[in-house]
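As written, the chain order gives the labels A, B, C and D, with residue 1 at the start of each chain.
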Amino acid sequence: MMKQEGEYSSVSGEWPLSAYKWKTERFFDKYVEGLKRKQITGIRCTGCGSIFVPPTVICCRCLTRLRLENDDDWIRISERGTVLSYTISYMEILPGGLKERKKEDRIIYALVQLDGTDTHMLVELRNLFEEDVKVGMRICAVWVDEPKGALSDISHFIPVK
Amino acid sequence: MARKVAIVACSQLIYEKKRNSSREMMVYEVINELLKNAGISKADIDSFISAQNDYLEGRTISNMRTVGPSGAYLKDESKVEMDGAFAALYAYLRILSGTHDVVAVYGESMASCYPPYLPMTWTLDPSFDRQNGFVNEISAAALQACSYMYKYGITEKQLAKVSVKNLENATKNPYALRKINNIDIETVLKSRLLYSPIRALNAYPLTDGACAILMASEDKAMEMTDKPVWIEGVGTCHDSYYMENRILADCDCLQLAAKSAYKMAGIKDPLKEIDVIELHENFSHEELIFYESLGLCSKGKGGEFIDTGATLINGILPVNPSGGALSANPVCATGLIRIAEVVMQIKHEAGEHQITNKKEVNIGLAHGQNGICAQQNIVFILKGARKCEM
Amino acid sequence: MRNVAIVGVGMTKHVSKRRDVNIPEMVYEAVEAVFQETGLAPKDIDAFVTGNMPAFEGINTPELWGGGYWGAYRKPVIRITTGGSTGASVAQGAIYAVASGVYDTVLTLAFEKQSDGDTSVGLNSTSLADFANLNSYGATAVTTQLSSAIGLFVYQATSYMHKSGLTIDQIDKAAAMLRRNAAKNPYAHLKQPNITAEDIAKTPMISYPLRFGHTCPASDGAVAMIFTTKEKAKKITRKPAWVKGLAACSEDGTVLGQFGGGSINIDPAEQRSCKFAAQKAYKMAGITNPEKEIQVAEPYIPFGHQLFIYFERLFLCKEGDAPKLFDQGVMDLNGAIPICPSGGVMSNNAIGAAAMVRIAECALQIMQKAGEHQVTQDVHTAVAHGLGGSANLNVVTVLGDSPN
Amino acid sequence: MAKREEVKEVTTNINPSYDWSVGYYMERFIKEFKSNKIFGVRCPACDKVYIPPRMICEQCFKKLSDWVEVSSEGSIISYTIGHVELDNKFGGLKEPIEPNIIALIHLDGSDSHIVHQIKETSTDEIRISMRVKAVWAKDPKGYLTDLCYFKPI
């Protein structure tokens, strides 16, 4: 329907993305099974030896399909890692625009490379002052009390004392 | 042109209604198949061009996540958001420039992922046709079919013949999706009526699939294969959005595209000189119109032309021996499949659907299209054995 | 590669909302401008290469609707799209089209009418499929943080600051410089002639270390360029700009991989694909010492910190030296290597067009047609850059004042 | 080949929305519907009158500004009977309540063909070159929907 907006008219419509059914390989299945046991697991590429955490299904470095079904390719990963980069979220990014957070509600997000892996993952960092977060700092995972086999089983990361 | 460009390998996956993998894995598989067929590794490829459409993928920047699976990691990569045959054109331009020697092209889409037929309605003027809701790719094709049939006295039976021919050919194509054994005109005329005169078997099937081809400069091609297929000519044309500026019953836009491709390849009498044609016909009437636009017969004679049996797999000029888009139509891959199929015919590697009644299949035509009622067309002339003289 | 000349540039004035025209009508203005500039008409054009960001405006392949408005009726049209780098990828498509010998004169255009859509949701739609998978496995806050461009590029900023010692103050200064440059550019959107680093420093922090003043606007605008052969260029303009080198390079997406899986591109600031592309383009252009041989650069900078990153990744100085050189005024309009004299993407961001505008601006500098924002020194060689995807698609084009 | 359960289908509930400027030409065209009038623009070079009106004559590459009222009567160039219709939410084809007739219509006084629906006729009667006329909403508001459908004269 045409509507008037100031001097000019416009018509509206939408992109029904909710009608799309994307398909993906279930590379998180074994990973979240591990999380339920409070274990971080990664998958090793048989082509180049890269270790992926979070897992994935194709290694783009050497163009190898990772063997999700092969238990031997899944390996236990340390809960500790190094901060590669971080941000402190001062504002919430909402579909309508930006909303400022209260100081106590600010969140520190970090890209962490877990020891022995070739990838990074995005995590939340707690238990430190904003000014103390540094690239290169050592951090470790904190689990939820009752893991249920979901990505949220790792609650957040904290600095290693 | 300073250089010559050949197609050295191609790959297809079995077309499916609902493929059991992610599209990334589908890309990975079709590229792996290509590397295997060409006997090379991804290190040998300079550049990757994909044919993808973000509205079919449900993702903006749809190539962002296929860089890795396609082998384009740390390579020169780009995306043509059109039918795959246009991506092949881009690869061809890159090689001719002398800046790239070996280029892989792939096209893909999954109809089981996107809401069928809707993405094409989003190409329409949002303030008129899209709001009105009367135009979609099938209703527009029906208006074209009706106009064509009325103007030239084409019958529904002649439309059905296209489906029968192509779907019969498809039964011998291991990749084809829609295969109907013992199909006859009655089967087509009894299939579900969608928008008159278009019935289910006059229209393409919704398909998941991907296709890839490997193109190379002359020296590289000669290293890689003893059966290069040369690109002799290419022509493309974009027509008006508005129906009155196109004469629906005559696809002038394809005629112009073919004219420039013929000129480049030195083809004077396509009917005599071309050995095989693979058309991107989304609907069966399109194939008849395309016969005329390509100059295989005069205007209005598409119906008579199919009646002669000339375009059957054992006819004088087989069209769509693979089964064409009526047998499988993964949008964005379809034009590439046409190229791949012509290449297979010229290399005598088509297997059960190989044309056998000719001494040799040496010159082929592959066609791709984009948009409602074939608004954009592209024609490739491919040639085997002897090197092209230019 | 045969010589390819840029003989004309046409641009619309970029603004936040062009509600008075629809998409084909807006793009026509850029096409009309380039035809006026060159004295050419559609009959002189052999092919069109076009593109914009899909999904931002909700129009699938807008060429199908708009092609005729732009002179493409019954001509070859190729549509290329690669995200933020679209404009640069489109222009390179046109360069290859001429270089190939298949087409002599090619009109290339890129555009975005962001006011027709919701840009934040548009950007979001690059990754909704990935988020959908993560959410189906119970991921929570992390995915929502990522659903914006700043949510991605901020990790580039922190990582680079750590490596080079870049400070927020310097990002403030860079942002102010770009906005001041834009004030001299008649086509720019955000013009703030008197803005200072202190003004930028007063803008609120969105996501540390990036403030509101470090971010780009959303613009409506279009750009068109005409590329042609050496022979034809002579008849059109006295001083064309020449394509000296071009390359693109793609790698794995940063921060998130396919369907939320791991990515091996672990440092968003490293930009290996940019370095690869730049090396290849320089080699083609016969440039051995870019620091000395390039007089102006237009990197793709939607966020202030990227001025420093891409100055280095385009080899305009040694890694880690950019902040120091910035303080010395090297990147100013009258410096040794002015960066984004146009004001850059920070001041002018019609996404699909933005990366082509970088090439167009380099061409204007070489042709000495930039007007008020023409740099002080003579420009013999210029480099333009485009960035797309999840900071993983890089496109580099080198232009010069003489043919190869 | 992966087993079926190794692939997962995932979805979102976010639907980006758009608000397209219609531009001067379409705006006037649609607003004139309020007085049940159909306006086109004439090309100064080839003299063709286009509806819907547009800024450019593609063939002459001329800017258009000469407004002309065209008739709301015309004839059918081509038609189709829709035994299916498009599902605008989920895509794919669904059964319509009754078959609907969609036609390519040439309005008198114009050189254009527009696609619209035909009502108040039967699927047996419809034919090419049939004369039709516009049926307007009872209470036209200057919307596209004011032009309800065409019916045989």
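Convention: contacts are C-beta pairs under 8 Å (C-beta built on N, C-alpha and C of every residue); 3 or more make two chains touch, one makes a residue touch a chain.
Everything numeric in this text was worked out from a predicted model, so none of it was measured.
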Query: Measuring centre to centre, with centres taken as mean CA positions, what chain is farthest from chain B?
result: A
- request: Could you find the two chains linked by the most C-beta contact pairs?
  value: B-C
- prompt: For chain A and chain D, what's the span in angstrom between their mean Cα positions?
  reply: 47
Message: Between chain A and chain C, what distance separates the C-alpha centroids? Give it in angstrom.
response: 29
Field: Centroid spacing, where centroids are CA-atom means, of chain A and chain B in whole angstrom
entry: 40
- request: Starting from the mean Cα coordinates of chain B and chain C, work out the distance between those two points in Å.
  value: 33
- prompt: Residues of chain D that touch two or more other chains: which are they?
  reply: 2, 6-8, 10-12, 14, 16-23, 26, 30, 54, 58-59, 89-91, 144
Residues of chain B touching at least two other chains: 20-22, 24-25, 55, 58, 67-69, 73, 114-115, 118, 122, 125-127, 131, 240, 242, 245
Task: List, in ascending order, every residue of chain C touching at least 2 other chains.
output: 19-20, 22, 55, 58-59, 68, 73, 118, 121-122, 125, 128-129, 132-133, 252, 257-259
- prompt: Which residues of chain C touch chain B in their complex?
  reply: 1-2, 22, 48, 51, 53-56, 58-68, 72-83, 89, 92-93, 96-97, 99-102, 122-123, 125-130, 246-253, 257-259, 272-273, 276-277, 280, 284, 388-390, 392-393
- prompt: Considering the complex alone, what residue numbers of chain A touch chain B?
  reply: 1-2, 11, 13, 15-17, 19-25, 57-61, 63, 65
Field: chain D-touching residues of chain B, taken from the complex the two chains share
entry: 20-22, 25, 114-118, 121, 125-129, 131-136, 138-140, 142-147, 150, 192-198, 240, 242-245, 248
Field: In the complex with chain D, residue positions of chain C that touch it
entry: 18-25, 28, 41-42, 55, 57-59, 68-69, 71, 73, 113, 115-118, 121-122, 124-125, 128-129, 131-133, 135-136, 259
Task: Flag every residue of chain A that touches chain C in the complex, lowest number first.
output: 5-8, 10, 13-15, 17, 20, 22, 24-25, 27-28, 32, 42, 50, 52-61, 84-91, 93, 95, 98, 100, 107, 109, 111, 113, 117-124, 130, 134-136, 148, 150-153
